[in-house]
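Note that the chains are named A, B, C and D in the order they appear, and that numbering of residues resets to 1 at the start of each chain.
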Amino acid sequence: MEQTYRLVIRCPDRVGIVAKVSEFISAHGGWLTEASYHSEPGSGAQDPGWFFMRNEIRADSLDVSLEQFQQRFAELAQAFQMSWFISDSSVRKKVVILASHASHCLADILYRWHSGELYCDISAVIANHDNLRSMVEWHGIPFHHVPVDPADKSAHFQQVDDLLQQVEAQTIVLARYMQILPAAICERYQGQVINIHHSFLPSFIGANPYYQAYDRGVKLIGATCHYVTQELDQGPIIEQDVERISHRHNKDDLVRLGKDVEKIVLARGLRYHLEDRVVMHGNKTVIFD
Amino acid sequence: MEQTYRLVIRCPDRVGIVAKVSEFISAHGGWLTEASYHSEPGSGAQDPGWFFMRNEIRADSLDVSLEQFQQRFAELAQAFQMSWFISDSSVRKKVVILASHASHCLADILYRWHSGELYCDISAVIANHDNLRSMVEWHGIPFHHVPVDPADKSAHFQQVDDLLQQVEAQTIVLARYMQILPAAICERYQGQVINIHHSFLPSFIGANPYYQAYDRGVKLIGATCHYVTQELDQGPIIEQDVERISHRHNKDDLVRLGKDVEKIVLARGLRYHLEDRVVMHGNKTVIFD
Amino acid sequence: MEQTYRLVIRCPDRVGIVAKVSEFISAHGGWLTEASYHSEPGSGAQDPGWFFMRNEIRADSLDVSLEQFQQRFAELAQAFQMSWFISDSSVRKKVVILASHASHCLADILYRWHSGELYCDISAVIANHDNLRSMVEWHGIPFHHVPVDPADKSAHFQQVDDLLQQVEAQTIVLARYMQILPAAICERYQGQVINIHHSFLPSFIGANPYYQAYDRGVKLIGATCHYVTQELDQGPIIEQDVERISHRHNKDDLVRLGKDVEKIVLARGLRYHLEDRVVMHGNKTVIFD
Amino acid sequence: MEQTYRLVIRCPDRVGIVAKVSEFISAHGGWLTEASYHSEPGSGAQDPGWFFMRNEIRADSLDVSLEQFQQRFAELAQAFQMSWFISDSSVRKKVVILASHASHCLADILYRWHSGELYCDISAVIANHDNLRSMVEWHGIPFHHVPVDPADKSAHFQQVDDLLQQVEAQTIVLARYMQILPAAICERYQGQVINIHHSFLPSFIGANPYYQAYDRGVKLIGATCHYVTQELDQGPIIEQDVERISHRHNKDDLVRLGKDVEKIVLARGLRYHLEDRVVMHGNKTVIFD
């Protein structure tokens, strides 16, 4: 994999943003391997709308260091009121996976990581059951069994929080974790906590979505990968997909068929996130795929 | 198209239903061109579950008339507590389409009917706007403009009701009609009124589902074809499908892309209904496709 | 619909293209509503790869006329060895549709045009059967019945060619035309003739693809929209899609189900073409959707 | 999982088959949990067509043993010239997986087996590379490294054949095995060898289908699960699916995206096979899903 720098930008729209940014990149010798743009029209003269941009630049084409590039770009960024960052594709993000006892999403991520498809470090797997220990440890990843006391979950969350900080987690994946993260953790890792919900949101929020789907008699079931916010199942959606079902499928079939959708939707969403292809904007996302 | 009789059955499940029914058909020389079965498991000893069955029999293979077949079958049906009917594939159902000013679903049904894909009579199109008259009349179908007074819709619905009875409507299609049918009409035509809702129900019930979808930031939009009941957008679902969207699509794009999903979902649902492939069961459907 | 200018570019890749082009646009006040880029990596030092670009610029934001913009841009274009054009979104392309006796693709395009979804002029429909005349003429479009003599098709093609030139056709749609266009016409309208083939190419080239699909026992059927070249069914693919089938579907069902795929694939492909979203590159296409 | 007997039948079509078979089942107390039928119309009076049937019967509902049921049914079967079998859902088929060095299909099957989704025994994994040993052995499955000498593959195939016979393999899965099985093995295990081909057959037969797909510029890539016959990539198709791609995807992306389609298509096809849902008929399949 060729090393690249990813420059991701969000700012109020106006004439000349692309010109200034690409002129800047070009002036430093930057060879673009990907460039994606999106403008969200505003509502009128007072609201020019928003502009989003993702540039992928060959690292070896720049004639300055990443630090120098960042320093110089900061000036331009300020002039355009940009929120922005630049990341190095060769630096692996530190991921922690939270799980419960269901294995399908966890096993899928572990496989993709192990086979080199997902470029990241998996610093730890934390689960409130111990049944997945052997699978995780075979991959050479530390497994932490942190039980939940239903009467008082605070000890559990304290331990989870400690572990996250200990490994300096950057991205947290809720792989069918089945617990609601405390507000404090959501806030600290805002835009970094990814959940897979086993329904086509906003349908069937909350518990047992497949049973809800069965009872409603829908003809497709789905899954939703989204960023976690403090409101349950309401965060910005990254990816969704569906699978056809029929009256021949019972509740167990829905659970089984749904697993394949969950796995693929989570894998796509996580990949977008790890490659810095997602820009959050209010409660929505721009995905530069 | 070969003439067939369609025997459609719903009854409590038990041993021997298929045996008895197929023995009966066979004893009258009946050659099956299609046979579909479904059993819905019950919850235990007191609840044996339900059995559903659809047989398509070549008309020319029977050694008795349809009437005789029906009379004799009634006895067997009673023994098994069946709700059942037998229909003749060569008899066209009388369909009335209710529309407003949007043309896409109406035009699609008219085309499929005109090209022989949908086997039915379209007895009338009733709309609360007059803009679609020429399109409908080109097809040789009577068009009735029945305006709606928002302050008092009763006159409108009275006229609609009169027209439905006048043409002896059997199936009513709400092709983006945008009005809520009165309970009395829903009840009289129970299981015969088909609506197309422009969302993937149960997401985005009610008005402006595409705008709701846009605001929520979903990554797929959908459409739902369902039987109309007195509760808005809650009736048994016949068919659903979705289409992928992205941040690049604005609200108008969603409306445009959604039209294609609406058309195909309504066409499939209506076809299932016209071919007696749908069995309602509580608030769900069994589709023998 | 807001008036825009669409600047579409293809050139050998190098550092600074985006910078120069967007600087140029910005210097003339150009407000981008869409900007899409693609770079096709080359094979090494001697082959830098190719760069593709499509900018959509608000017409009212430019401080020069379209002609002036074009003249000035030509210089820059030459320096980068660009093949390029700029088009005005408010100018409707002149489309001629060639058909035979099957109506589904033709009716679908006519409907989309009539309802304002496809922005173009349909200058004429030419068919070698007369059965679709009334449908076409209801839309206010001239219909030309030009029969084909199977023993000698030259008279037919001469007439078609004359009609194309008479109406100054810019885009030609083969809506299940079922004839192979002579090389001379293919060449004169290179990159402007769009065909819908009723299979998922390269499967089932040539005649009766649904029958071929049935005999092979595939589980999905498809359709392909492509530019016509002199080699049968080998031109650059614009769009494809598929539909699931099963053993329950006979050959007639495949034909019926395939129609819906053909219609939607052709409609999408034609839309991309009309909106200047397709860049041909060898025997492939870049689609800026 | 409830124990059932699966009665699968193929015979020339005529009046009364369903009646006789279901009467027979019912006379022995058989409670149907599933019943599926298909008739393939013949070409005329001399060719009545074919009839296919799959009944799933609750084991505990029969008043005779499986052996007695089979003996008595044989008489009826002969009268109707049936090819048929009855299988016990609680008996796990013995599966051997042949692999090379690519892990995705193998890992996917292993996971589904390990999590209880695929009901079978995996008696052995045989691979011509050793890199997957640890993964296989973690699952408690014997791994056999049987290298291939490209100059003379006969020793390899002899060992494979010996191993297959040693473990009494019933179903053989080629999980990206990349070798062409000798005719003798194909013949001995006819209808029991399942391959996953990484293209939407019949497109891109043979080597490097993703590269072929890339060069042709298709807009969807696919995978095909089929029974292996002596003709390369020509056997009866069990399942297929596709994934959308665009010009933004390079050859490596196609390989990566294709893996997910291969996995799901192979998993579905294998499941159909293990549950006796596939009936081969000439070069096609009837799938009772």
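What we mean here is this: contacts are C-beta pairs under 8 Å (C-beta built on N, C-alpha and C of every residue); 3 or more make two chains touch, one makes a residue touch a chain.
Note that the coordinates shown come from a computational prediction; the quantities given were computed from them, not determined experimentally.
**Student:** Of the chain pairs B-C and C-D, which one is connected by the greater count of C-beta contacts?
**Tutor:** Answer to which pair has more contacts is C-D.
**Student:** Shared numbers divided by all numbers used: is that above or below half for chain B and chain D, i.e. same or different?
**Tutor:** Because over half of the interface numbers appear in both copies, chain D and chain B meet with the same residues.
**Student:** Among the chains, which one keeps its Cα centre farthest from the Cα centre of chain D?
**Tutor:** Computed centres place C farthest from chain D.
**Student:** So the centre of each chain is just the mean of its C-alpha atoms; given that, what is the distance between chain B and chain C in Å?
**Tutor:** That pair's centroid distance is 36 Å.
**Student:** Report the inter-centroid distance (CA atoms only) between chain C and chain D in whole Å.
**Tutor:** 41
**Student:** Give the residues of chain C that touch two or more other chains, as numbers and ranges in rising order.
**Tutor:** Residues 41, 248.
**Student:** Where on chain C is chain D touching in the complex?
**Tutor:** 38, 40-41, 200-204, 216-220, 222, 236-242, 246-248, 250, 283-287
**Student:** Can you list the residues on chain B that touch chain C in the complex?
**Tutor:** 103-104, 107-108, 111, 115, 117, 134, 138, 248, 256, 259-260, 264, 267, 289
**Student:** List the residues on chain C that touch chain A in their complex, please.
**Tutor:** On the chain C side, the touching residues are 15-16, 18-20, 22-23, 25-27, 29-37, 39, 41, 61.
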